[in-house]
Structure formats: structure tokens, C-alpha cells
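Taking it in order: structure first as C-alpha cells, then the write-up.
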Amino acid sequence: MLGATGAVGQTFIRCLAGHPWFRVAEVAASERSAGKSYAEATRWIEGELPADVAALTVTPCDTGSVRSPVVFSALDAAAAADLEPAFAHEGRVVLSNAKNYRMEPDVPLVIPEVNAGHLAILEVQRRNRGWSGAIVTNANCASTTAAVAMAPLHERFGIRTVFISTMQAVSGAGYPGVPSLDILGNVIPYIKDEEPKIETEMQKMLGRFTGSAIEHASFVVSAHANRVPVEHGHTTCLTLGFERKPTVEEAIEALREWKGEAIVRGLPSAPAMPIRYRDEPDRPQPRRDVMDGRGMTTTVGRVRADNILDLRLVAMSHNTIRGAAGGSILNAEVLVQTGVIARSGAA
Amino acid sequence: MLGATGAVGQTFIRCLAGHPWFRVAEVAASERSAGKSYAEATRWIEGELPADVAALTVTPCDTGSVRSPVVFSALDAAAAADLEPAFAHEGRVVLSNAKNYRMEPDVPLVIPEVNAGHLAILEVQRRNRGWSGAIVTNANCASTTAAVAMAPLHERFGIRTVFISTMQAVSGAGYPGVPSLDILGNVIPYIKDEEPKIETEMQKMLGRFTGSAIEHASFVVSAHANRVPVEHGHTTCLTLGFERKPTVEEAIEALREWKGEAIVRGLPSAPAMPIRYRDEPDRPQPRRDVMDGRGMTTTVGRVRADNILDLRLVAMSHNTIRGAAGGSILNAEVLVQTGVIARSGAA
Amino acid sequence: MLGATGAVGQTFIRCLAGHPWFRVAEVAASERSAGKSYAEATRWIEGELPADVAALTVTPCDTGSVRSPVVFSALDAAAAADLEPAFAHEGRVVLSNAKNYRMEPDVPLVIPEVNAGHLAILEVQRRNRGWSGAIVTNANCASTTAAVAMAPLHERFGIRTVFISTMQAVSGAGYPGVPSLDILGNVIPYIKDEEPKIETEMQKMLGRFTGSAIEHASFVVSAHANRVPVEHGHTTCLTLGFERKPTVEEAIEALREWKGEAIVRGLPSAPAMPIRYRDEPDRPQPRRDVMDGRGMTTTVGRVRADNILDLRLVAMSHNTIRGAAGGSILNAEVLVQTGVIARSGAA
Amino acid sequence: MLGATGAVGQTFIRCLAGHPWFRVAEVAASERSAGKSYAEATRWIEGELPADVAALTVTPCDTGSVRSPVVFSALDAAAAADLEPAFAHEGRVVLSNAKNYRMEPDVPLVIPEVNAGHLAILEVQRRNRGWSGAIVTNANCASTTAAVAMAPLHERFGIRTVFISTMQAVSGAGYPGVPSLDILGNVIPYIKDEEPKIETEMQKMLGRFTGSAIEHASFVVSAHANRVPVEHGHTTCLTLGFERKPTVEEAIEALREWKGEAIVRGLPSAPAMPIRYRDEPDRPQPRRDVMDGRGMTTTVGRVRADNILDLRLVAMSHNTIRGAAGGSILNAEVLVQTGVIARSGAA
């Protein structure tokens, strides 16, 4: 794993503890940490650090030091820019959380229940770039929350317009991240560089793979991104316009019935149902719903008619599990199913 | 004052402390409290209880017990329904925070900087109802935040469409209000009965008084209302469509220059400027901006272009001062200026 | 279960979900709720309401309506005063969380790892009171946190003096409990009636059963009780004086080695170890440690020498699991082991 | 001012805005900030940055660049070690918040109401060190809260023993300081290096100046220091033993009557009364009481008898105003009164 000591890296380690297929075999981080044990190098911030990982020696983030064929990357954008392609070039499958390659035409941006099919573009990627490995990305955490909720509605009714206002947890900013003096009893109506991601990534994820390219969906997105004093779980208020306007009942039915792409079902990290629709008028709520499906379920509620467009709803999911580490691991599990990753691959 | 022991009643008392024109002469509350001193009857929750008010004896909320010609009402809807008209009938000027009469055609719903002119409809109200007194209302606190920010833009560019997503402070729910177990580290994407108010009140406030009636503005509003763990200050994310699309610079200029109705300037509770536009990318913030203008200023920031409509922005103001007690008092001050209230009127 | 709709009642239901020996067969609450389904009668505040309990019809809290031989009671003191003895008189074993009978000489006040042996006093209780049933109590939640941490030290070194300062979670006040306006960004240095409980209950729990009576330990306790904006988990700062002063190492060794009374080991609700000693300088922390041992482990840290007495340390445990519902259930499990409760007993 | 861009530096600037005697003439910070305007160099975190300070150019922290005869220092310990003596050597009066010189025998550690008389040791300091200037320090913020509350009791009854448990605000750790992921909904029972300061500084402040030396008070202090999710205001729970045990009434009377040293009264930053005793059972509370006396009043409550020692009480004061910047400014005001600082001295 690359970037193993940071907040997303730690979430990877928690999500991989006891994983039936993958095992954290290597932990790589900045030069400053290299050579220390993982336990020494890391300020572990949540839950229990597994003993086998604690004892690993941190290696530098280079293709010589890291040998695993499957590489989970929690690198930030600055580090990912050069390192992720280097690993892909050396034949490794890189599961990336960085923003750098998400929007490249030949790089799949995947939430498996939504668009596992896009992984087929890896063939194009390898041909284009001469890589024996690959880069597979997952989206910004707020985009992920909304994209899952929108997927079943887009499939059936065709989304045209999206107004989204987010209330995002502090863990989305990593560690140390948001100073407590900035957020205790406060709302910050701004997250640097966040709105452009939310406004572009969902069209790719909800787009169509033509066999040779990913055709982005044509809806338009307008976002307000806000930070709130919540630990985990991004809440998104969505107002949607459709090609074919659904009734509230039709929309709820679509959300309830949706199972997502068949290849995902039964995978170790897949929740029983990717979406849980709740009838209570005041749900979803991050503190109460965020760990549903071990953090992999997207909770949706409050589907109701809109005064201007067609429907409104609220969707919430775990930003560092569903929206980062857990999503990457599920991507890797699909790649095991499709044979891109050998089942014995350590991480 | 009616409903003097609750959270809004307490804010009235704080805002009236040292007021040059009004003085809290009577405190009325439910039968349970009547006969006690105000200090005994009240769980005072913020700042210092003025000694002169502490010593007042709580009276019942009826027109026989309460003698003041000017009556500030912090009654809830159930109590306000019958009591407020009874006082108006007896010749008192009632400054109401309840929702009951806000949308009645002959009842002004006033934020003085925005629509002090609507107070002229009191003549119609008195004629219609045979009252020697009057009822003047102020709006829902979230509507108030947005309406102030929208007023200068509506004046110059004509608003047609409003998407609004709110993040509202817990003090908006009164005391004891929101249980801490519901809101610590959490977001509740629902406030009972709130969205319909936000979707209808602003058209009235930004409407036009024809001389005999208030013609509502014709824009349409779609709202998401959320509760967040903030003490005071409602933050609203607004996305706006206009009849004549302003540039970002024109919009900011309109916000910066706006002084509101002339009659308000220099009144004791009027802030120096009703709107403060902040350039920092991450403002307004409730904890940092809420007390600007002693809680009467609306802070606006993040005016930027939109992908679908014309403009986006964020507005924030104090929900129990600007959005409730302070707003009522400013209404009363205008009525002193127009002669409806005699300057010697106690509250 | 009595008082099933409140916060502690709900914790009982969560803790009993999937229990191998007990099953929630009946839910009793106030007259207002009786006749409704449990789902209707309850504002469920955390996690998932088990479907089988949701469908139960709420019964009144009387010995005619509630038939189970084992009765978990989450009643408040006012209701418990008459109801708990009535059930005991009718042959039921009542596991009580109320304060009423805790300090009665013939009522055991039990944390099983600490003083399961005190349950033998039930024979005296039955003889004294002519009951075929029994009342078994567990302690105040803050007393429980401290008593577990003190037990191994008292056993080996004899505690003489205890200064304790607590920082208690809001869930200790039930639901709706502490208003958010009182506790957001705040500390309340007072919890009504709490300090006297903390100052008297531990001597009973750490006392000695003589065969016919419980001889209270003779140490003296001085408490400061504080409420802090934490959801679950009471943190207690302890400064201790001993009959035989241990070194820091001896104290840590005693805490690490302590297994508690043998009869408890392996019971369904018993954690692997009742105490977890953590070496990090900044632990225990409620948000990070509270769910250790599924909420039944007491986390202890910061054992260090004192300037005035002998040792200082910090202990933290889950106030509604270890300190209430989970503790009651573990008491019942011990009573199954000792034969007081038949293993088939529903709750 | 030295260290002007940090959290304490910012509090200095807020406290000095409109000061009748002092004016922020120079702002000095690390090399990284030097040459920028103060507004550019600073992430201003609270309230309004005064326009005249915003426009100042940040200078380096050396005696050549900073010319003011009075130097407020918000330097951290690493920087203060060499810089503060250098300024004192060059004839400047340094008002220091760093820990480095607090415990030096010839350096006064002053809360003026408590021990303004200790400033007379400056003569010894100058003689010893050959300085034409001076260093005057103020104490750790938690020590300050407790020392003020203890001063009137020590004067009358002689304190012998102090158990103190603190609940300290996040602003005590500066900015960015405590990460929100560490403290949201949490308590951290540890603040690095804090307990030793609390355990030694109060004896010096409550000590006696003999004419040539400061004789420390002989009481012993045992501390638990905790961090809580509060923005401003350190709450301290104190349990006290005395040479002559006061009754609760005598102690409250002593607290109520205490005016502190006469020279402080009427100074610009001095609160009307240094201590406010509150009768309510649940006070002091940081969010409700912290700004009493513009942040310079120490609020005390809950004086009650103790089971082991003599008395218990709770004291709270503002950690960055009373406990840092405001305290330094009050020290400087006393030095103006005593003639050590010329009244025209800029800061």
C-alpha cells in the first residue's frame, strides 16, 4: 500500500483486516517514515491497529521497494502524479484514490455497483500507455455518495439536471486536517477544489462504455460544498430534473430495487444492498446510518416532489470507507473476478 | 411581552436591555409561570438576565393582565392563534414571531430594510378586521436570512428561481429544543414544517405593495432544510436564476451598495449596513460572523457563477436576533417612526 | 422489560439482540405507550431496532401484564420505587438500574467481575422480605467506571482515599436528556444527585460479603461530576491513596493481570478481559475506546505517581452498556450460572 | 509584538484594539512571514482584524527590526529562549507568555490582582543580569484560572493541599492546534507538559515577596489535565485543604469580597471585579461565562464542603484572554502605573 500512514491509508488497513483475499503485505510512505515500523511511523487515529501490520517495516514509495502486484494507493495528488504511472508501468494494478488520473479518457473511474463495466477500458489503457499494469481510480467521496443514489434513477428516468449541496465530514480532509478551532460549533461553506470534482466526476461514472471509450452522461451539475462538525459521513441534498419525470413512488421503488452490477454481488466488501432507502422523515443521518453495511451502504431518504425540477432527496455514505478505501478494495475484488488480478495477490 | 420565558422571549429581553425607546414592562407566559418572578419562572440560558426584568412578576397572557400598548409576542403557533388577534382587537400593536398570520393578505410580513413599505397595509388590516391595534409579523428565521441577501439582487435583476439548502442552528428549535443525543457530531436533514415556510414567505416579503394589497413576487423556491450542530446562525446556500442575468461583479456591487429602505437607517436596532459582503473564499461562517452588527447584519459571500442557473452565493445571519427578536424590535422602531406606535410605548 | 422505550431500555434491546440465553419477550412502559407496537411507541435513537422487538405490543408495567420470570428494569426512580418490589414479591428476578434499592443492606449492588459473590445475599433478601423473587441492582454509571478500575488495586493494596473528577457523556442523562443548547461547545460542572452516588456506591461494591451481610469498604471518596459534549463513555480522573503504596509498575501489573471473579469468565456478555490497560500517554479516550469489548471493557491509562497521595490514573467505560444495560445482563448471566435464574428464562 | 501571527498574537491584537495607552506599532514573526503585510501573513481566526494592524509589514523577531520599548511576546518556548533575554538586554520591557523564564527566581510571574507586588523584583532581575530592560511573565492558562480563585482563600485561610482536575479548551493549543478528528465528541485526558506547570506555578504566584526574593507558597498541588471540545475557557475542579478550615459561607464571602491588589483597580484591562461568584448550582460554564468582564473575570461556583479535605469549588476563565494576552496587557498597565513603562510606550 502507498501512503499507508495517512488517514485513508489507515482506513485501508482497517478495511483489509481479515480480508479473505487480500493481505497488507507492504506499507510504503514518505522517506521520513521509511525504515521505521508501521506502528512507530503512524499516529493511529481510530480503532485498533492490527498487530501484523503494526510490525511491518515502512518502505519508501518506489517500484523497487514495493513488490506487491496489487497496489492500493492513498497517495495525495502531488505524490500520485509520477508514482502511480510508474507502478502501472511496472505491471502493478494500482487502485488509486488521488484525483490525478480520474478524468483521463482511458482510466476507469469506478464505483463497481454503478459502472464495473467501465473496467473493460483497461485494455485501451494498456494499449495506449504500453503498461502491463493499470490504474483504476475511485471518485471524490462526495461524488461517490451522490453517484450511487443517482445511479438507479439515471438508469430508469435519465437525469438531466442536478443541484447538490453537501455537508461533509471532517475526516474527508485527512489527518490532522481540519483544525478544531475552525469547525467546533461551526459550518465552513467552502472546501478547496471540491465543487469542480463533484460537478464533473459523476457524468463519467454514470456514463456508458462504448467498447472503446467512456461516453460521459450529459447531465449538468451545480454544487455547493460545505464542511460540518461531523466525524464520518457526507450528507448530500440533491434536487434532480429528469428526461422522464418519475413519481415519488417510482423513484423510491427504483432505489429500493436496485442491486447494481451483477458482478459485484457477494464480493467480500459488497454490502447486501448498495442502497438502503429509509422511510423516516429525518433520515439519513451520518451518526446513525454511516456504518450501515459496514460503511459500504449508501443511505437515501426524503424522496419528495420538487417545486422547480422533478424530485428532491437526501443521500449519505461513509466518506473514507465507501468513498475511499472500501471503494478501492471493492474495485480490486471485481478485478479478481474479471481475472485482471490474480486471487493470490497481496496488497 | 408574550411568551417571555422561552428562548425567543429571552432573546427579546437581551435585545431590549438598554433600548432607548422600549422597556420590558410586563412579562407574560403560561398559567404555570404566572405569579412567579421572571427569574423564578425562567431557565435563563444565555448571558445575563437584567435585574429589572428578573424582578418582574409573570402575568398570564391575556388582554386583561397585559396592559402595554406594544406587545412583543414570542408565542408558539398554538397560543398565538387566538391571543394575538385578541390583543390587536384591544388596540395593541402586536409584533409577532408566530407563523399563524404571516401569510394573511392584510398582515404585513416585514424585514424593515427589505419591505418596511408593506407596513402601510395596516390600514387595510384595521379596516378589514375592525381592529384598533394591529398584527405585524416577521418571517421564519431561515427565510429571513435568504430574503435579505436576495433583496438587492431582486431589486436590480429580478429573481425567477431559487434553490436553497439550509444548515440551521439548534437555537432555532427553542429550548430545550434539539436533544444533544440527536445532534452531537450529526446532521439532521429535516426540520418539521420548515421547507414550506421557506418556499412561500420570501415571495411575500420581496413583493410589492400596491396601495391596497401586497403583490407577491413571482419567483419559485425549492428548499432543503437541515439542522447542524451550531449554536446560533443559519447558513443558506443559494442558487439563483434571474430575469436579467448579472455578472458576478454586478451582483457583488449590488450587495455591497444596498442600504435597504431609508426609513430604517439610524434606528436603534439597525446595523450600519444590513448586508456585509465578505471576499474570503470560506465565509460567511456562523461562529465567526453571526454577531456582526450585534446580530443584525446578514453576511454574504461566495458569489460565483452557476453551471445551470445564473449565480450561487452563501448567506448567513443570526436566527434568534435578526431572524426573530431583533427583527421584531426593528419592526417596532419603524412603527414608531411612522407614528403607529407612540414613542413612549413600553413593551 | 420494564421502561423499555427509554434510552436505557433501548440499550437493553440492542445488547440482547442475538443473546444466546435471553430473548426480549415483553416490553412494558408507561400507560401512554401501552397497546401500541414497540416501534410506534418508541423514538428509536441508535442503530437498528430488531424486527421481532419492533412488532411487540407494549404492555403496562404491572405484574399482571408482564409475565416473564426475569425482568430487566430500566425504570426511573419514581416508577421503580413500588414496581420493582412488586415484581420481586411475585417471584420475578428484577435486574434494576434505578437508584432506589442500591444501598439497601440486603440488596446486592453488583458488577460481576468485582463482586459476583455479593449475589449470595439474595438468600437474606428473600428471608427478610418474604420474596420468592429478588432485586439485583447495578450501580450508577460513573461509579461503575471507577469501581472496575479500582477493584484490582483495592484487592492488592487496600484503597483508603479517592479523589475523582468525572467527565460524563450526554447519554447518561437519557433521552431527550441534555438540550443541545446546554452542551454544544460547553462543559456543565454539575450533574444533579450524581456526586453522592459516586461517593457511596463504590464502598459497597468493593466491600466484603460476610455470609450474612455486606461490609462496606472503608475508603472515603470525594467527587466532582461534570457533563461534557461526548455521546457515550464516562471518563474519570482518579487520585488514590492506599494502605500499602504500590509502585506504578505494581499498579499497572495488577490492572493488566486482573481477570475478576471466576464465575464471570466466558459468559456471553463478559469481555475477554474486564480491564484493558493502555500504554499510550493520551488514553483512554471515549470516542476511541468506548466500544472495546463490545462496550463492556473498562479502559485504564495514565497510571502515574501522585504528589500528595500515591497514584493517579484515568479510567473510562461505556455508560449505557457497561454502566447500565450490559451490566444488568451480565448480572443475569451470573444468576443463570448460580441457578437463581432458569436458563430458559425470557426477559 | 513578537509571534504576532499565531493564536495568542491574534488575541493580543484583539485585546489591544482601541487600547487607551498602547498601540500595536510593530508585528514581528518568523522569517517566513517577514516582509509581508500582517493581513497576508496571518490566517486570522476570530473576529475582525483591525485595519491599522492589517496594513503593518511583518518584521523579523530581532532587536534591530523591532524598536518598541514595550514588547508583548507570544513566542513559543523554542523561540523565546534566546529572543526574550536579547530584548531585555537591549532595554525593552518584555511581557512574555512563554514558559522559559517563569520559574527563574528573579523573574516575576504575575497575575496583577494576585501578586502585582512581585514586580518589584525587577530591580533584582536588572542587577543580576545587567539588563536595562526586563522580562515579566504570565502563567500557564490553567494555572491562571486556579490561582485567581485560590488567591482570596489563600490570603485568609492558608492553602495547604490542592487537587485539581482541568477541562481545557482547544484554543489553549493554539492554531491549527488540536485536529478536529481528535476532539469532536471526545475527551483527551492528557496535555503534554501541562501538569508540571500547574503543579509548580501557583506556589510562586501565591508566594510572598520578601524585598529581595519571592518565597513560594508551601502548598502541594496534584493535577489531572484534560482537553475537551470547548472553544475558549478552561474549567478547573478544585479540592482544597487549608491551614484554618473555612466554612462554605466564609469561603464564598472571601471570594465575593476580594478585589485584588489596589494598584490594578481602574486599569484599562482590569475587570470590575476579578472574581465573580455565581450561586447557580451548575455554574461556571465556559460557553456562558467566558466573556464576563470582557474575558478578564474568573467565574467561581459550587463552593461546597469536602469529604476528605475542606472545600471543593469550580473555577473557570478565558484561557487566551485572562490566561494569556489580556493578562500580559494588564501586567504592562501595572508597569505603566509603577513607572517601569513610560505611558507613551507603543507595543
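Letters A, B, C and D mark the chains in the order given here, with residues in each chain numbered from 1 onward.
Following the convention adopted for this analysis, contacts are C-beta pairs under 8 Å (C-beta built on N, C-alpha and C of every residue); 3 or more make two chains touch, one makes a residue touch a chain.
Just so you know, these numbers come straight off a predicted model, no measurement behind them.
Peer 1: Give the chains in contact with both subunit B and subunit C, ordered by label.
Peer 2: A, D
Peer 1: Among all chains, whose Cα centre is located farthest from the one for subunit C?
Peer 2: Of all the other chains, the one whose centre lies farthest from subunit C is B.
Peer 1: Please compute the C-alpha centroid of subunit B, do the same for subunit D, then give the distance between them in whole Å.
Peer 2: Chain centres of subunit B and subunit D, defined by C-alpha means, are spaced 41 Å apart.
Peer 1: Just give me the whole-number Å value for how far the CA centre of subunit A lies from that of subunit D.
Peer 2: It comes to 47 Å between the two C-alpha centres.
Peer 1: Could you say which residues in subunit B touch two or more other chains, in rising order?
Peer 2: Only 45, 184-185, 229-231, 287-288 qualify.
Peer 1: In the complex of these two chains, what residues of subunit A are touching subunit C?
Peer 2: Subunit A residues touching subunit C: 45-47, 184-185, 231, 287-288.
Peer 1: Which residues, counting only subunit B, touch subunit C once they are in their complex?
Peer 2: Counting only subunit B, the residues touching subunit C are 7, 45, 170-171, 175-185, 229-231.
Peer 1: Spell out the residues on subunit A that touch subunit B in their complex, using ranges where they run on.
Peer 2: That would be residues 161, 163, 165, 167, 184-190, 192, 199, 220-222, 224, 226, 228-231, 235, 237, 239, 281-288, 301-302, 306-309, 312, 314, 316 of subunit A.
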